[in-house]
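When the chains are written out, they are named A, B and C in that same order, and each has its own residue count from 1.
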Amino acid sequence: MNGALVRELYEKIDTFPIVDIHTHVQWKTPAARDIGQILSYHYYTELANSAELQREPFPLDDTAELTRVILPRLAPLRHTVQYDWLMTISRELLGLGAEEWEPENWQYIYDRSLEVMDRPEWREELIAQCNLAKVLLTNQYDEDLDGIDSSFYVPCLRTEPFVVGVEDPREREALGAFLGRAIRTPQDLDAALDKAFQRFVAHGMGYAALSSPANLVTAYVGQDEAQRLLDRLVAGERLAGEDQRAWRAYAISRVCEACRRYGKPYHLMIGVDRGVYAQGVPSGRDLFDSVNSLRGYDYLFNTYWDVRFPTSALSDTSGLELTAAAWIRHNVYPSGHWWYTNQPTDMAREIRRRLDVVPANKLIGYYSDAYYLEFILPKFRMYRFELALALAERMERSLIHPNMEPFMLDDALEVAEDLLLANPARIIGLGEA
Amino acid sequence: MNGALVRELYEKIDTFPIVDIHTHVQWKTPAARDIGQILSYHYYTELANSAELQREPFPLDDTAELTRVILPRLAPLRHTVQYDWLMTISRELLGLGAEEWEPENWQYIYDRSLEVMDRPEWREELIAQCNLAKVLLTNQYDEDLDGIDSSFYVPCLRTEPFVVGVEDPREREALGAFLGRAIRTPQDLDAALDKAFQRFVAHGMGYAALSSPANLVTAYVGQDEAQRLLDRLVAGERLAGEDQRAWRAYAISRVCEACRRYGKPYHLMIGVDRGVYAQGVPSGRDLFDSVNSLRGYDYLFNTYWDVRFPTSALSDTSGLELTAAAWIRHNVYPSGHWWYTNQPTDMAREIRRRLDVVPANKLIGYYSDAYYLEFILPKFRMYRFELALALAERMERSLIHPNMEPFMLDDALEVAEDLLLANPARIIGLGEA
Amino acid sequence: MNGALVRELYEKIDTFPIVDIHTHVQWKTPAARDIGQILSYHYYTELANSAELQREPFPLDDTAELTRVILPRLAPLRHTVQYDWLMTISRELLGLGAEEWEPENWQYIYDRSLEVMDRPEWREELIAQCNLAKVLLTNQYDEDLDGIDSSFYVPCLRTEPFVVGVEDPREREALGAFLGRAIRTPQDLDAALDKAFQRFVAHGMGYAALSSPANLVTAYVGQDEAQRLLDRLVAGERLAGEDQRAWRAYAISRVCEACRRYGKPYHLMIGVDRGVYAQGVPSGRDLFDSVNSLRGYDYLFNTYWDVRFPTSALSDTSGLELTAAAWIRHNVYPSGHWWYTNQPTDMAREIRRRLDVVPANKLIGYYSDAYYLEFILPKFRMYRFELALALAERMERSLIHPNMEPFMLDDALEVAEDLLLANPARIIGLGEA
C-alpha cells in the first residue's frame, strides 16, 4: 500500500459532495436527536446481541437507558468497521474522542449528544458539515410527501407492498384504501401502482425499489393466471410454492411496466432471507444464502430492456455474476455494496472487478443504506477509502503494466467522479428531479 | 507491490515464447486484415452495447464502417482490461499510440491498420513479433485441415456436435454425412468420433474439447438406453429433462472412450449458459451461473481415470472447487482463466490458490481464447503480469515466512516456465505433435 | 507488504503457547516415530498421487519403504504450503535443511528421524519446543481415555456414530454394546449419548463434534417419527432421501440436547463430500461442493440457542455466509480454516472479513487438524503469518484511514491473543477442564 498516494487520492475524493442513492432516512426526522438513536441502529444492537445474548429486549424507546445499556457492551466490537463508523460520528459530529467511550461516561456522552443534536439548526449543520448534496429515500406508497424538499430528498417507492404485500389481507386492504377501491383484479393492481407512481413523480421520484429473497425467478405470467391467483387470495387462501412464485413474478412485471411508463429505474436488491434468526434484535434477524443464482432475472432484464436496473446483490457469491451481467447487459448497473458485503474485504474485490471489465458509465459506486443522516458520512468514507486504495493501486500498476497506458491522478479522480456523482445522477435521472 | 521486482520478473517471463493452448483462431485466416476485424471481436461490440444499447446490428461485415461506428463508443471502456488489450495491439502492432484513438481519427486508424495488416508477410511478422510458438485451435470435426502447418497450429476437436448436436436433426444429418451413413445407433456415434479423431490425429491433434452448461451431471448410461434415446431423436422427438441429461452423459462418455483410445486429453470448459441475454450482440449473449457444482463430473473423472482432463471453470465460485479437485485428483489439471474470470481480480486469486496447494506439474497457466492471432500477445501479457505479481509476492514472503525456504528469482522463473511452457507441452502432449 | 512490521508482529505472536482446538492426534501415540509416519499423512500421499497416479497402494505400514517411495515424488510439491510444513518439521525438529531432501538421501533422512523421534523423551521435548499448551482430540465414544493427561489433552466426542453410524447395522451394534443394550428406541440413543458424555466429561471433555455433508438440513423431527425410522433400520432397511434426512436431523438434535445438558459446545465442520475420488489414497478421497447453503442450520442454531456452535465451513463460498451468521447470531463462532480453505489465499480473506465485522470475542483463530503433534507448529505458523499480515495491514491502514482510530502494535497483539488464546479457552470452556 502506497499510503501517501492513497491518502492524497482519498482527500481529493473526500471533497466531493455526497449523492446517496439509497437510504432509509425519514425526511421529516432525518437526523438523530441523541446518541441513543444512533446506538439503536441495528448494526449496534445486533452486534451487542451477537457478542453476548440479550435476553430482555433492548430499551429502544428510552434512548438514555439504551446508551447506558449498550455502552459496556461495545468493547468486543472495537475492531469492527461498524464501531469505526460510530467513532467518526462521535469525533467529528459530537467532538468526542474515542477515549471517551467508556461505560462510566455514558451520561456524559448522552448529554453531549443532546447538546449537539437536539438543536433546531442541527440538521442543516450536519448536511453542511457532511457535504450532503442529495439523499434518496425508501418510501411507502402512501407516505406523506407533502412539503418534502425535493431538491435534497428524493423519494423512492418500495414495491414490496405490490409484490409480496398483496398476499397479506391486511396489506391488501391498505392498498385498496390507498387506491379507493378494493384490489380485486390485475387492473386494480395496475391502478394502485399508477397512483403511487404519480404521487412519487410529483415529488421528484428517484426509482422503484425491491429487496428480494435468494433465487427469485421472474417469468411471464398472463393476466388470466394473475386473476385466478388474486381470486384465491381474495377468497382468503394463502399462496405457496409455484403459485406464490407466479404471483410475485406477475406483480414484479407490473412494476416494470409502470417503471417503463414513467421512465423510472427499478432498483433491485437481491438475496435477503428475512427473519431467519429467532433471537435477533429488530432488523437483526435477516441473513442471506450463498446459493443464489441471478439467472432468475433473465426474463426481467430481457423483457424490460428499456428499463434501467441498478442492482445490488447481498451474497459475495453473486459478485462476479452481477459484474458479468453488467459487462454485457445494457440495462444492469451494479449499485454499491449491500449490507453483509458492505465491508472492506468484499467491497475491495468488487470495486476491482467492476472497474476492470464494466463500462465506466454503468457503475454506481456506493450508497449508505443509512437510517439517520449521521451515518452517511462514515459509511461513504469507508467506501471512498477502498476506492482510493483501488485507484492508487491502478495508478501504480499502470507505471509498470505492459498493457496499460499511464493512469494518472486526474484519470483516477475522473473515475471516482463517475462512480460517485455523474453515474448516479445520469442512471437514476437525478437531473430530472 | 514491489514494482521493481514485479517488472524484473515480468520482463523475464515476457521473453518466453507463447504456447497458447486454446484459441478460436482460423488457421487459414489467422490474422486480422484490419482494425475493424479486431473491433468485431465480441469483447468490444458487447461492451459498446453494454455502455449504450445498440438498436441496429453493428455493421460486422463492413469493417471500415464498424470502425467508424465503434470508435466514438469506446470512451466508457477506457479503464477496462479489454481496452488495454486493444491499446497494446494498436501501440505495438500498428504503431499507433493511445492518444490517436479519437472518434474523428477513425479513417486514419483504419487506413493505418490496412497498411500494416493487409500485407502477405503480416502473418509471419506478427508471429515473430509476438514470439508465438504454438497455437491450438478449436475445430469442427469436418473442417478442412489439409495443408495446416502442424508444427505451429494444433487442431483440437470441438465435441459439442457429438454431444448436443446429435439432438438437432440438421446437425445429426451433417454428422451422418461426415460419417458416410446416418447416425442411427450408438455404434454410429462411435464410428463418427473415431473418424474425427483419426482425421485430427493425422494433423497433430491436441485434444478434444467441450464447453458445458452449469451443473452438468455425468453418469453411466448403458448402450440400450442410448439406443432408445437415439431412436426417439431419429423419430423426430425432442429430448428434455432427464432424457436429455442421459443422452448427453452417454455421449460425453463416448468422447472419453475415444480420448482413451487415442491417448488424447479432454479439455473441459465448465459452466456457460448460452443465449440468455436477448439484446446481446453475436457471441455476447452468454453468461454463467454462480450456482455450479463440479460434483457432477465425479463419474467422468473416476471412470476415465486414464484420460487427462485440463479443466476451466467459468464461475468464480467454482475456483476453489477446481483447485481442490486438482489437489487430490491425478487427472484434473486447472487450465487458464476463462472468459468472465479472465480478468486480474479473479485471476490473481486463482493463481495464488493453485500455486499454494496443487502440484506444480499439474498447472496450465493460461490460454488466450483469441479469435485472431493479434489478441494473443495482450492477453498473455495480462496473465504474465499477474503471475509476475504473485511470484514477486511469494519471493518477498519467503524472506520473512517462518515455514518457507528462500524463493529466489530462479525459482520463480522455473515456476513460470512450468506453467507457461513445460506443463502445457507435457499435459497436452504437444511433444507428440 | 511491510515486511519488517509483519515480521515483528509474527515474532511476538509466535511466542504465544499453542492451544489447538481440533486435532486427530492419538493421545497414546501422539508423536511420529519416524519421518515415514510424517509422510504417511494424507497431505503428502494425496499430493504425490495427484502429481502422478500411484497404481499400487503406498506402503503405509512400512515407513522406511514409504520414505524411499515418496521422496522422489516430492519434487512437484516443492512450492506448496504442505511441503513448507514438512520443511519446517525437517529443519526445526530434525535439524535437516531443505537441501537434504533429495531422493538419494532417503535412508539418511529416515535414520536421522528415528534418531530424533524414536526416543522416550521425544514427546516431551517436542511439546516444549513447539510450546504446545493444550491439544484437543477427536475421539470415538468408547475410546480408552483412562490415564489421559487432561491438563494437556482434551477429548472431544465424534458424534457421527450417533447420527450417521446408527444407520449401519454393525456400527449400531457396537453402539449397543457400548450402552449395554441394543439401540431400539430414541431413549436408547439418548442413553448412549448420555453415557458417552459422562465418560468424556469425567476426562475433561472439550466439545461434541460433527463433520457434515454439503447442504445438510436440520429440522424438528418428533420422537414418534424417530421411533418409526429406527424401527425400519432395526428391521434391516436402509434409509434414503427424506427418511435419511429426517433421521439425521433427529439425531443431531439429540446431540444438541446432550450438549445443552452438559453445557458443552457442538463443533460443526460443514460441507465435506466423502469418498468421491475413486483412485484416491486413504483419507484423500474427499472433496466439497461449492453449492452449499448454511440455511439448513437455522433450525439448529435457533432451537439450541443456549448451545455454543464453533463452526467451520469447507467451501470458500460459505465464508461470508459463516461470517454473517457470526455477525448477528450470538451462538455461532467462526472456527479456524478447514482443510481445503486451510491455505493462505482463502485464510487471508476470511481473517479480514471476520475481524472487520464479527465481535472480537467470538472468533476462534485456528486449529491444526493434525494427526501427529509435529504438524501443529508448522500449521500454526502458516496461520500466524497470515494473521500478522492482516494485523500489520490494519495498523498501516489505521494511520491514514478516515474512520479508524490508531491501531497500534499492542492493539494488534491483543486481537491475536483473543483469537489464539482467550477465545478458544472461553468459548470451548477450557478453563473448566
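In the analysis below, a residue touches a chain if its C-beta (ideal position, glycine included) is under 8 Å from a C-beta of that chain, and two chains touch if they have at least 3 such contacts.
These numbers were taken from a predicted model, which means no experiment stands behind them.
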Labels of chains that are neighbours to chain B and to chain C: A
Interface composition of copies chain A and chain C: same or different, split at half: different
Chain A and chain C: spacing of chain centres that average the CA atoms, whole Å: 38
Residues of chain B engaged with two or more neighbouring chains: 291, 317
Chain B-facing residues of chain C, complex: 1, 3, 6-7, 10, 14, 46-47, 49-53, 76-82, 84-85, 87-88, 98, 273, 276-280, 284-285, 287-291, 315-317, 340-341, 343-346, 378, 381-382, 384-385
Partner chain A, residues of chain C touching it in the complex: 291-295, 298, 301-302, 305, 317-321, 323-331, 349, 352-353, 355-362, 393-394, 396-397, 399-405, 407, 411, 415
